Amino acid sequence: MDVDMESQDTRDIASRIVTPGSVITNDTAFMRGHGTFAERTTIYSSVAGAVERINKLVSVRPLKQRYSGEIGDIIVGRITEVASKRWRVDVNSRQDGILLLSSINLPGGIQRRKSESDELQMRTFFAEGDLVFAEVQSYFADGALSLHTRSLQYGKLRNGTFVTVFPQLVPRSRSHFHTLPCGVDIVLGVNGYIWVSKHVPASKVEENSELIYSDKNEFISDDERETIARIANCIHLLNRLYVKITDTSIIFAYEASLTHAVKDLLTREIAIDLAHNVKTRLEQQS
Amino acid sequence: MAETKVVLPGDIIDTSLDSDEEESSVLRLGPGVAQIDEQVSAVAAGVLHSDNEKKQWWVVSNKRRYVPAEGEPVVGVVVARHGEGYRVDIGSAQGALLPLLAFEGATKRNKPNLAVGTVVYARVAVANSVMDPEIECYNSHTGKSEGYGELAGGFMFKCSLGLARRLIDSKAPVLNALGSGIPFEVAVGLNGRVWINTEAPATTVLIANAIKNSEFLDAKQCRQMVKELLEKQ
Amino acid sequence: MSANIFDRRRVNGPPRSVEPLYTDEGDVKPFTNGGRADGRSLDQLRPIFIKTGPLAVQPTFSPTAPSGSAYYEQGKIRISCAVYGPRQGRKSNPRMGSFDCDFQYAPFSCSWKRRPHIKGADEKEIALILEQAMAPAIRLEAYPKACIDAFVTVIESDGKFATISAAINCISAALADAGIELYDIVAACSMSLNASQWVSDCNQAEEDVSQCSLFVSRMPSADEITYLLQQGKTMPDQTDRAVQTCSNSCARVYAVLSRYLQASMEQPAS
Amino acid sequence: MVVEIEPSNIEREFLLEALEKGIRVDGRGIYDYRTLKITCSPTYGLVEVQLGQTRVLARVTCEVTRPFPDRPTEGLVQFNADLSNLAAPGLDSSSGKPSVQEVAVSRMIERVIRQSRAIDTEALCILAGEKVWSVRLDLHFLDHSGNLIDAASIASIAALRHFRRPDVTIDGEEAIIHDVNERNPVPLSIHHTPICVTFGFFGSNGDLMLVDPNLLEEQVQVSSFTITLNSHREICALSKAGGVPLAPSLIQRCTQIALTKVDDINDKIQEALMA
Amino acid sequence: MSRQELISPEGLRVDGRRANELRRISCRASVLNSADGSAYYEQGNTKVLVAVYGPREPRNRSLAQQDHATINVEFNIAPFSTSERRKRSKGDKRLLEISSFVKQTFEGAIQTAIYPRSQIDIYIHLLQHDGGTLETCINAATLALVDAGISMMDYVCACTAGFIDETPILDLNFVEESSIEVPNLTVAIMPRNGNIALLQMESKLHSSKLEDVMELAVEGCKHIHRKLDQAVLVAAKDLADKLSN
Amino acid sequence: MSSESVIVTPGRRLGLTQEYESGPGTYVRNGMIYSSILGTKKIEQALAETSDDSIKRPMLFVERQNTKFAIPVIGSEILGRVVRINPRAASVAIMMVDSAPCQEDFQGIVRVQDIRATEKDLVQMINSFRPGDIIRAEVISLGDQRSYFLATTKNEHGVVFAQSEAGNSMIPISWEEMQDPKTQTIEKRKCAKPVT
Amino acid sequence: MASLILSPAEQDFIIRGVEKGFRGDGRGSLDRREVTLRTGMISQANGSARCRIGSLGVGTDILVGVKAEVNTWAAGEPEECGTIVCNVECSPSAAQEFEGRGADEINVELTQLLDRIVGGEQSGLDLRKLCIIPRQAYWVLHIDALVLDVKGGVADALVWATRAALLATKLPRVVVESVTDDSGVARAEFDVVDDAEDQMGLEGARDLPLAATFNQIGRRYVVDASEQEEAVTQAKLTVAVSPKMEICAIQKGGMLKGFAPSLLSEITQTALRIAKEEFARFDALFAEASKHNGELDEEPSTGSTFLEPF
């Protein structure tokens, strides 16, 4: 195949597009990373994507794939099952994540020891369907992600709406929790789950730790609802048009969208137009 | 020992001893024999054995399905790992539980980590009608392994429970005959699984077949059979 | 080919068979010069008979006996219903209980030809309809993790829509008899449109000739319509009118139901 | 309920280690079949095949039915394979839909016999469009210790050849079916006798090959391949699904080996039928 | 159906193709939005739609495999797909057989070991049936799996071949494959090393002819591989452009 | 005011929340108390002494003479049969909730740490319950998808009826032992303190 | 769909939003999402259509094929008209719980609903025209729907797709001549003209209804609920309205609540009000779709832009 031919020379390995089974390099100096496999001296690609190379480690980043977790990732998940001493959490990955009762902040603020009664009333903390903002703490032996919410910014999500996007579009970065100038908080889970909500000052929770597990929403004014809807739609259209989703791109999209009514954002022409607009601005920036 | 007497379930067993002081003596009934009302009768089909001195009666029968009994050595295969221990298939109705710490010198910190599919030589620790059996890879009293533990290398094959019981006997003709011919390791589980190990696969296969063949042979035939096999080699 | 047409369970019948001869009772003209064949007035319901607890064995408690049951007649329609539960549910939901319903026609019960391709499908759907019509009336939050099952058997049916509404009334009675916590008793009633005239509680013959049938089930105390089903074409205002009249008829059925239930308590069923 | 116990690691490792040296755990040669025993019972069309520990019982029966309207002159051949946990725990027949193995085996046999038109269906016609023979082949698996397909194919062919159907005479529109003791029953007309030969492949990319895998070998093998040939050296079916991919050259090699195997199996069947 | 009708004196087949000619192939990935990967694949008049989910949490955890992913295939034939309408029950042995073939084939191709305790679902819909069901299912599934970004040793490409009038013919259509004289051989290969992932054949073919017929089929597979690879490349390149910056 | 008895059907208006507390067999919809079951309407005057300073309203409730089937809720006391045991937990078929029978058995489990209040880590399941035992226990949680969680930590909870290996019903001789009157064999159980 | 559980906070957010007239994606309570329509992708069917309701390619996605077959009349069947047989199947690609037998219940529900709307006279189709020879032979229209994806509002999409498929359906012409057999008895015989050119559409297909489903959320109701909105729906009402502004069928759904009578009549009024623009929208889309008759362009297009219709 032509692909293979051109691929023989290992000079420009990186940023080449490869497909499953195509040769990446015969150079034994390289080490095989994700999305590749080795046969004798040759390294082949096992997915369709762009070759990446960190000094001697070559890997292929698939352009579309479920989330595969890394320790330290900030994610949003949905509780699927309350088991004994643990919750199972859907994190859009190859298996449910696990949130141990021991790795959440128990109400009563200060890190209090968990007790028998906590085990029996786990649903008062998280019940099936609840959305949780958490961090990947470690892997279990079987490869499942172990999550924790031992920080005040983590915990149950309220006051907003939920959007799913392609995980590839959410780059890992310092911060995944942003308060946008338009007065909306967003949580960009690297697993492609995104939470858009009314801005609530962090202090408010700190004062009253009971709020961590409350299901009650704050009062949300009409304008706030409109903004939330607008942001949600912006994220949706960025996702569908495959534009990287960062606080910047979202703000750009938001600003560009203001000329349109919220519900029109999802009509094809406008969406394409906005997405294009965002990309150009992003390019200018970089 | 008298000529072999085959009993069927329900057969009344005459426990009257040639010795006279009977009522004082206590009868000991082994597997396959039970007291029903005032009489002793067989509850399993097989060969009746008795030991007049110890006043013991038991029936040796050749079952297919292993029923665990405490203290018996078994060869099992790890089929799963749970929080509290390994689930091990020992051919009994329920899989047996092998606690994580039931090994020589195992501690919370360092305990052997067995992969699924590992073969272990263990003894039955708990066996009762209401719970799954439990096995251990050491003698919980002495804390010593006493030869129990993971079986690495070699080959494992299944045989009838009866044969297994005969093999465990130190003077089992086949094993002795073979042993005189070729060096090999063997571990016999009363659950009808035998593990053997030699330096060459060929000999392993040979021994395995020899043991399987010995099922219906008496001591003399065994030696003959082994001899021929060894010559073939 | 033949390997999978071969049926493991059944002895296959003869390749050719002859359909039995039906004795058709000389086709009665449902509507002769405006009047109804059975002489009812257009908005008149057929007489209703109810009895609760026919399936309860004495003494009332036995693990196999249903917790409540009812037998219901409306004209020729005959329906029996047994309610089981609250009992352990298959799909257990810690917030609220679930209500499942099973509906079946006794083989001899229906006069109409079943369309072969949806064999049983209509029964399944009616079961679903009954669930959706009854569930709003049951205080499911009072039964976490548990489930309540109603089994409805149509012994004789006369008019599909009439039968469904009769089934609803029957279940209501059975649920009340079982002492299940309800917001209200659900009463239902059907209608058919014939020559731009709405006719209440039609029997089969009448439903067959009408271009549209519909039924309404209602909880009077909260004035809530728990189910509405219309099959066939109408002008919008006609529908409204029908819903109106049906609601009124429901009120009448409701009265009958509650009067009977009260009576049943006064002298406990011997 | 009962789950099949995977072979232990040491069994796997030993099997491979031995195979590297050309030794099989049951002492057989690489290209040897296990001892094949075919027993025909006095009743026509009832044959038991024993391939090592694997035992299959094949029963052929026939009845008169009406043909399919689109094929008025062709008799019917029906297959039914019954693979219950009688043969081995792990195979569970209790659940409604047939197990994977059952589908595989019964479809394979069906393919081998029907698609290759081993049986002359026209010869089963009594009165065109009215009456035809419907031949039914039931396979019962009594004991599963590997390579069901070969055993099943042998049993099927043997049973079909052993079977005799009542004789028929036609006068005009009337068909008289003669009782067995009134007239000698007649054998089915069989075009050819396809036999399955199954190969097991081992090693990371399947370069270790052996014939007639037993249960342990089946569980350990990385790939398997069944080739069906008849005495005219015609291929009647090929089946290789799953497992590691195989080099085309292997396929050719298997074909050659199979050709010889098929001949002596056919001989075995022959003498069994003579007996 | 007799041979004459299958190949005209000029050596043309019922649908006007030459003996060694494939049918027109067109395919497209990511046609369904909620599936992790999906593909629509046409080969002549045979049309398949495939949705791939996973690797994801197994539906029924007891079936989860400790050390590798379980692959679950459900194959469904749309009632309107065949020329005369036919509704198949889910228990139909042919359906089960096809799905188990697809399952087994991809168990060999997907690197299941890197997705332990998870499940990969492949849902196949045959929308229109004109021969070569198995081959189209496999090709479409491959495309969908690549689209889902699931790690595979290589593509799996399948193609059928037969043998009429002493000439091997490629890619049988419905008429050809339903005539019982014609041997019907389906081959699936891993193009990288040409190894055979799946091989099925029905009805009679003399052993000496096997080689030629297989060669032809393998040629077909290689051609299909080029088609698929091209499609994937275009898709991937395009996504890459979008992501760049 | 005397509690007159009127028979009411579900959905019948009974009174206003300003005047009455809503009791069992009733529910409240916007300020109105309705009956939720078929039964007799009863009114229970609030006891003077209990009502300290806040004036208590009389309770409206609907009563059914032949009480129907009950379902377990947290805190209710149940009677059940031990179905099977393993070292970690005993699964129980709940047959009675408080005094009312269940239509069908509900599944419950007693986890080994919930058998007794003290020295939990020494508890051996085999020494506490055997399949076939009848136990009294308390519902401590709605538990997981399938079973309710039960506890026998209280003294009056535990085995109330058990048979020995020989099949004779045994009598408790201590809070953790039972004896077969015939064979005199002693078996270990977590016995319930007989309630008088 | 049913599988989707929302957190209490989300539910509250949606419900309050709806009550205030703000939906999650900014739509008003009566706005429908983007609808995409394609026809004629199944060449072997007499008519076929694919309909997707949802924005930017995410949405409920249904494929409908119509197959016409000649049935010989049997006693007890209607004497001078053809029949319509509906069948809906939900693919597991829509939701994992549809695997195996999982979809049976919803299949029945949807099949019955579709049957209720287009299965008989009320559909506006002239069934008498489907009769070939009275008491001898008639056409059966098999409407087979395949639900590929579910993102709310299945019923509506189902009816939209079905209407498109039936409008696109072409029946081969049938010539009926009477022949007198040797015994001198005249019998009618027919044969189906096998000619792609010589086909005609269905009588009265233009009168086919469209359906709108109203989901009651909180104290208000919305049209074309999204997946999340359906998760908090207490009750829903599907109303099928014909171009002639007649009501062809009404069906209530949803377990949790019922409707206040006032709300009910309000809904039916609304249904009629919006019907006009719904039909206008449908016709535009259908015209558009019938232009390029669902043929895939030669160059294998890709997953790159998810906006590509299909």
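Letters A, B, C, D, E, F and G name the chains as they come in the text, with residue numbers starting at 1 for each one.
We adopt the following convention: contacts are C-beta pairs under 8 Å (C-beta built on N, C-alpha and C of every residue); 3 or more make two chains touch, one makes a residue touch a chain.
The structure presented is a predicted model; accordingly, all values stated were derived computationally and were not measured.
Comparing mean CA positions across the assembly, the chain most remote from subunit C is B. A count of C-beta contacts for the chain pairs B-D and A-F puts B-D on top.
As a whole-number value, the distance joining the C-alpha centres of subunit B and subunit G reads 69 Å. The distance from the centre of subunit C to the centre of subunit G, each centre being the mean of the chain's C-alpha atoms, comes to 28 Å. One inter-chain figure worth recording: subunit C and subunit F are separated by 36 Å, centre to centre, where each centre is the mean of the chain's CA atoms.
Per-chain Cα centroids separate subunit B from subunit C by 66 Å. Across the assembly, subunit A contributes 64, 241-242 as residues in contact with two or more other chains. Shown for subunit C are the residues in touch with two or more other chains, namely 3, 94, 219.
Within subunit G, the positions touching two or more other chains are listed as 57-58, 87, 303-306. Those residues of subunit C whose C-beta lies close enough to touch subunit G in the complex are 19, 99, 113, 117-118, 121-122, 124-125, 128, 131-133, 135-136, 211-212, 214, 218-219, 223-236, 239-240, 243, 247. Within the complex, the subunit D residues that touch subunit B are 5-14, 17-18, 21, 23-27.
Touching subunit B in their complex are the following residues of subunit F: 84-88, 125-126, 130-131.
Those residues of subunit A lying in contact with subunit E across their complex are 1, 3, 17, 19-21, 35, 37, 44, 46-50, 62-66, 80, 90, 94-96, 142-144, 168-169, 241-244, 279, 282-283, 286. Contacts from subunit A toward subunit G in the complex involve residues 64, 78, 128-131, 156-162, 215-217, 220, 222, 225-226, 229-230, 232-233, 236-237, 240-242, 261-263, 265-268, 271-272.
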